[in-house]
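Pasting the structures here.
The following pair of complexes shares a single chain, chain A, combined with chain B in the former and chain C in the latter.
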Partner chain A sequence: MEKVKLKLLYSELRPELDKIEKELEVAVGSNSLLLNEASLHLLQAGGKRIRPVFVLLAGKFGDYNVDVMKQVAVPLELIHMASLVHDDVIDDSEMRRGQTTVKAQWNNSVAMYTGDFILARALEYITVIEDPKIHDILSKTMIEVCRGEIIQIEDKYKLDQTVRDYLRRIKRKTALLISSSCELGATVSGTDAETAARLRRFGYFIGMSFQITDDILDFTSSDEELGKPAGSDFIQGNITLPVLFARKDPLIYGRLKEAVGKDMTDSERKEIVELIRTSPALEEAKSLSDQYLNKALKELMLLPKGNANKTMRNIALFIGKRKF
Partner chain B sequence: MNDLQIHSKITSMEIDVLQALHQRTLEKYTAGPSIDRARLFFLLLPFFDGKQWSDDMEDSAKTVAIVYAALHAHDQVEEDSPISKSQQLTVLAGDFYSGIYYQMLSNSNNIKLIQLLASGIIGVSEKKASLYEKTIMPVAGIESAAEVIETELLKVFYDYYGCSQYSAIAKPALEYVYFSNQLDSFRNGVETKILRKLNLALPLPLYSERWLLDKLDSLHSELTKVLDVHPMDFNLKNFMLHQITPHQHLAEQLTREG
Partner chain C sequence: MEKVKLKLLYSELRPELDKIEKELEVAVGSNSLLLNEASLHLLQAGGKRIRPVFVLLAGKFGDYNVDVMKQVAVPLELIHMASLVHDDVIDDSEMRRGQTTVKAQWNNSVAMYTGDFILARALEYITVIEDPKIHDILSKTMIEVCRGEIIQIEDKYKLDQTVRDYLRRIKRKTALLISSSCELGATVSGTDAETAARLRRFGYFIGMSFQITDDILDFTSSDEELGKPAGSDFIQGNITLPVLFARKDPLIYGRLKEAVGKDMTDSERKEIVELIRTSPALEEAKSLSDQYLNKALKELMLLPKGNANKTMRNIALFIGKRKF
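Our next item is the complex of A and B:
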């Protein structure tokens, strides 16, 4: 339902997004039956296609041509898909978006080759653009996203990490790819440097808010809404912002310390989730998410008005309010 | 160029590649990047053979070695077992190395080579995945998979820099190294994807060892023939035959006349 609501916000992009969807289908086509099946399986699981949306919207601030925009939008979504299929191996996930993951349906190795294949397709696709700036932005982003994930694994189970550590991690893990989607969309459509920089910052702030919201929802949503047990991040050792704020209470800190990294029973998991839910931590996290959101909105206010600006604003507001 | 100079050049490139891929956490928890010296030898072969060699070629050769390291990291992820921290980071190592090769080539504005390598990686990934298809793969399919997996990216490099003539040498040599490793795995009771497919393709699993020995003989003979007619320095040919593909089964010595 939430996904439908979000899609309604950018319904004016429907024809372009349909074009991109068709292009994605062609892009994941393979001579290998297995890779073909695995990639289509992944593609058909759907997704919000938020990165192509930001590429297209950012492009509207410049000289917009959908056939040029898709040369960036398609590979960005492919890079995201490739990272998801590898992430499922890292997280040992059986389900994603209500479907079995590639690693669960086949095995870890098939998931690795599927991800490599999709990533290579993305690079094959984006190299039709010769502008070195595009490749500079994208390659740096790919490296930083990986660094973010490496740090995430390094920081697992570390209850004593700082909020700054967390913010630096989610910047790389989530915000950068959204930020780059906006910047690449702006660059490829030839906007001036200031507009491109504003759009990049808008994407960064939205990405930060989006990830903090995601981390809040891991505690506030029901198991059904999440499609996985609430508190899964904590069970997997990912110390997110609500936990970092909640640990300020010595009683909660003690309980978290006992539980982190241990095999928790379902009732223990529920107890931890309840402790976080009833603490002020979620409000504090929401407040920080809103601060990022406001910064994003401020960037928009300084950009030329128009439909794209309005849609970006609506998406930003939706991200701030989404329930799961 | 003598053996010492060849080894020294390979080592120098190995160090450069390792430096480019340096990442503290990955080094601590994973096996680190796999830089195959035989492959480095073939990437440097035009240089060893006295062909025109530029800084751009050397940098590109390093990036091809990095692509192989990226793909190799993902080969090390175990098929089914629950994933450990080291395995999680091995997944990320492959992705990180891919980002590095993309950045290196984009920094040198070598966009066309990024595209050609990406197409090569697609071919390699397709062949690797084909080893997991449930159908029985004929022996010719296994040979074709091994050829693409081992030589496709090197071929891209040679073709891009107008050195295609070296493909005919690198192909049997790198396949030789590959099947030689498979033979070692077979003899040590280690099951690999290729051995699994080979066992299914042949009437009896026991035939696999015989097939591998015959294959090694045939590849070695192919390599010797190609080298016999190639106007390459004798020392370089000898280095290749004795240090890259030492044939331990039916060793044929290259004579100065040959």
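Our next item is the complex of A and C:
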């Protein structure tokens, strides 16, 4: 439902996005039956394709050519897809976006190698780009995404981590890929360095806001809206911002401490979700998300006006208004 | 023991190999404590560094510069290391070269992400190379290695696969990375295209011979020599050449059919190993390995003479004489 509405905001990009979607289908194709099925399963699980959207929009600030945009949009989305399928192994996730995950449909090994294969395909795309600067941004992004995942493993089940730990983690996990999408879209379309840097910062801020919002939704949405049980992140040991704010209440802290890392029954899960929902933590998290959003909007105000700027603004405002 | 002897054959490369070893240590360094430990564990488990050796030797046919060689040797070894750590997940291996694997020391998730991280680091090295042809070979190699692993999963426990299936698999799994090492070593040192192509073919043939030999050793070596139980490959469902040849005997076939994919006791494992050892299968496999070896030697004979040629010849002959 929500996904459909977000897509309306960039409906003018439909023809280009369809082109990218077809290219993604080609990219994950292989001679291996198993790999083909697993990759297509992953691709068809969809997603918002928000990284390609930001590449395209950033490209509109320069000399826009969809075929050039595609060359960076496809590997960026592939890196994202690969990280998702590996995430599902780490988090032991059965469902994502209402669909069974690759690791659930097949097993951990298949998920691992599907991810490896998709990552390798991303690299194949990267190699045809001749500009060393773009290579550099893409590879650094990939490395940081990987590092982010490692940090995520290290921070698991640590109820006593700091908010700073959380922010560092989501920066690498989410914000970086979006900021690179914006920066690369600008760079390949030949904008000046200042515009590219501004778009990179916009991407970073919007990415931070986006991930905080996602982490809030894990507690506020219904199981049906999420396509997985509410509170899944907590069950998987991921300590997100709402939890970090909620633990300030000693009663909640005590309850969280008992629950973290334990096998929870369904009613225990619902109790934890309810505890967080009725605490001030979600409002506090929303407020931090809004701070990032405002920083993103400020960057936009300093960028050239036009359709791309307007669409970016609408996406930012949409993220700010996502229903809790 | 054997590893030490092989190393003597390229002792003249020691200073360069030490340089590469140091660079590998830097390459796998990170801020993450867990990742650092896991990567160092993997690095210190050692290995023959045969890919860097072939890069260096191939480079000696052109304009040899160790710092240029290093730029391709390091990512090639990193790709190899990453594939090993992911292999251990797929094969559920507890031991490799007499050491606990990353997945055994930590768990599957850590092994998966250590591999991802190392792969990302390989990519980082690749990006600093400006020659698009070299990018292309490296990324294609990485993709084919990944594909090889997928095919390995698909072919697991299939006792009725063909010898052709096996050869296709080890080509991608082993031969390709060695042939790319030779080709890249030649290419970055500016040899003519014919020399590079010949070295690539040499690497391919020697890689095929090397892997067949390895698969023979899985049955002929003692548990101590292997650093893991003999017959491990078969227990893990990998159907290698000795098995494919041995199954021609209907009695052995029947016994293998019962055993494949089952949880075997230690005495059952030893019985299977003994069955293969006393069949003509090992001699037949050795003969196929020798055929590849001879093709490799033929390529060498058509290449310029010199120390590098001689060392490559000695390595080839060593592989041909590895004790069974």
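Just so it is clear, the second predicted complex is superposed on the first by the 323 of 324 C-alpha atoms of A that agree within 3 Å, B and C clash if a C-alpha of one lies under 4 Å from a C-alpha of the other, contacts with A are read in each partner's own complex, and residues count from 1 in each chain.
As a working rule, a contact is a pair of C-beta atoms (placed from the backbone, for glycine too) under 8 Å apart; a residue touches a chain by one contact, two chains touch by 3 or more.
Everything quoted here is computed from the prediction, not taken from an experiment.
Superposition model on chain A: chain B and chain C are shown in a clashing arrangement. Judged by the touch definition given at the top, the superposed model places A:Leu167 against neither chain B nor chain C.
Once chain A of one complex is fitted onto chain A of the other, the partner contacts of A:Pro132 extend to both chain B and chain C. In the superposition on chain A, A:Ala120 makes contact with both chain B and chain C.
In the superposed pair of complexes, A:Val89 makes contact with chain B and with chain C alike. Once the two complexes are overlaid on the shared chain, A:Ala45 sits clear of chain B and of chain C alike.
Residue overlap on chain A between the chain B contacts of one complex and the chain C contacts of the other covers 30-35, 86, 89-90, 108-110, 112-113, 115-117, 119-121, 123-124, 127-128, 130, 132, 135-136, 138-140, 142-143, 145-147, 149-151, 153-154. If you check the complex, the residues on chain B that touch chain A are 23, 25-26, 70-71, 74-75, 77-80, 82-83, 85, 88-89, 91-92, 94-96, 98-100, 102-103, 106-107, 109, 111-112, 114-115, 117-119, 121-122, 125-130, 132-133, 193. Across the complex, chain A meets chain B through its residues 30-35, 38, 83, 86, 89-90, 92, 106-110, 112-117, 119-121, 123-124, 127-128, 130, 132, 135-136, 138-140, 142-143, 145-147, 149-151, 153-154, 156. The touching residues of chain C, counted against chain A in their complex, run 30-35, 86, 89-90, 108-110, 112-113, 115-117, 119-121, 123-124, 126-128, 130, 132, 135-136, 138-140, 142-143, 145-147, 149-151, 153-154.
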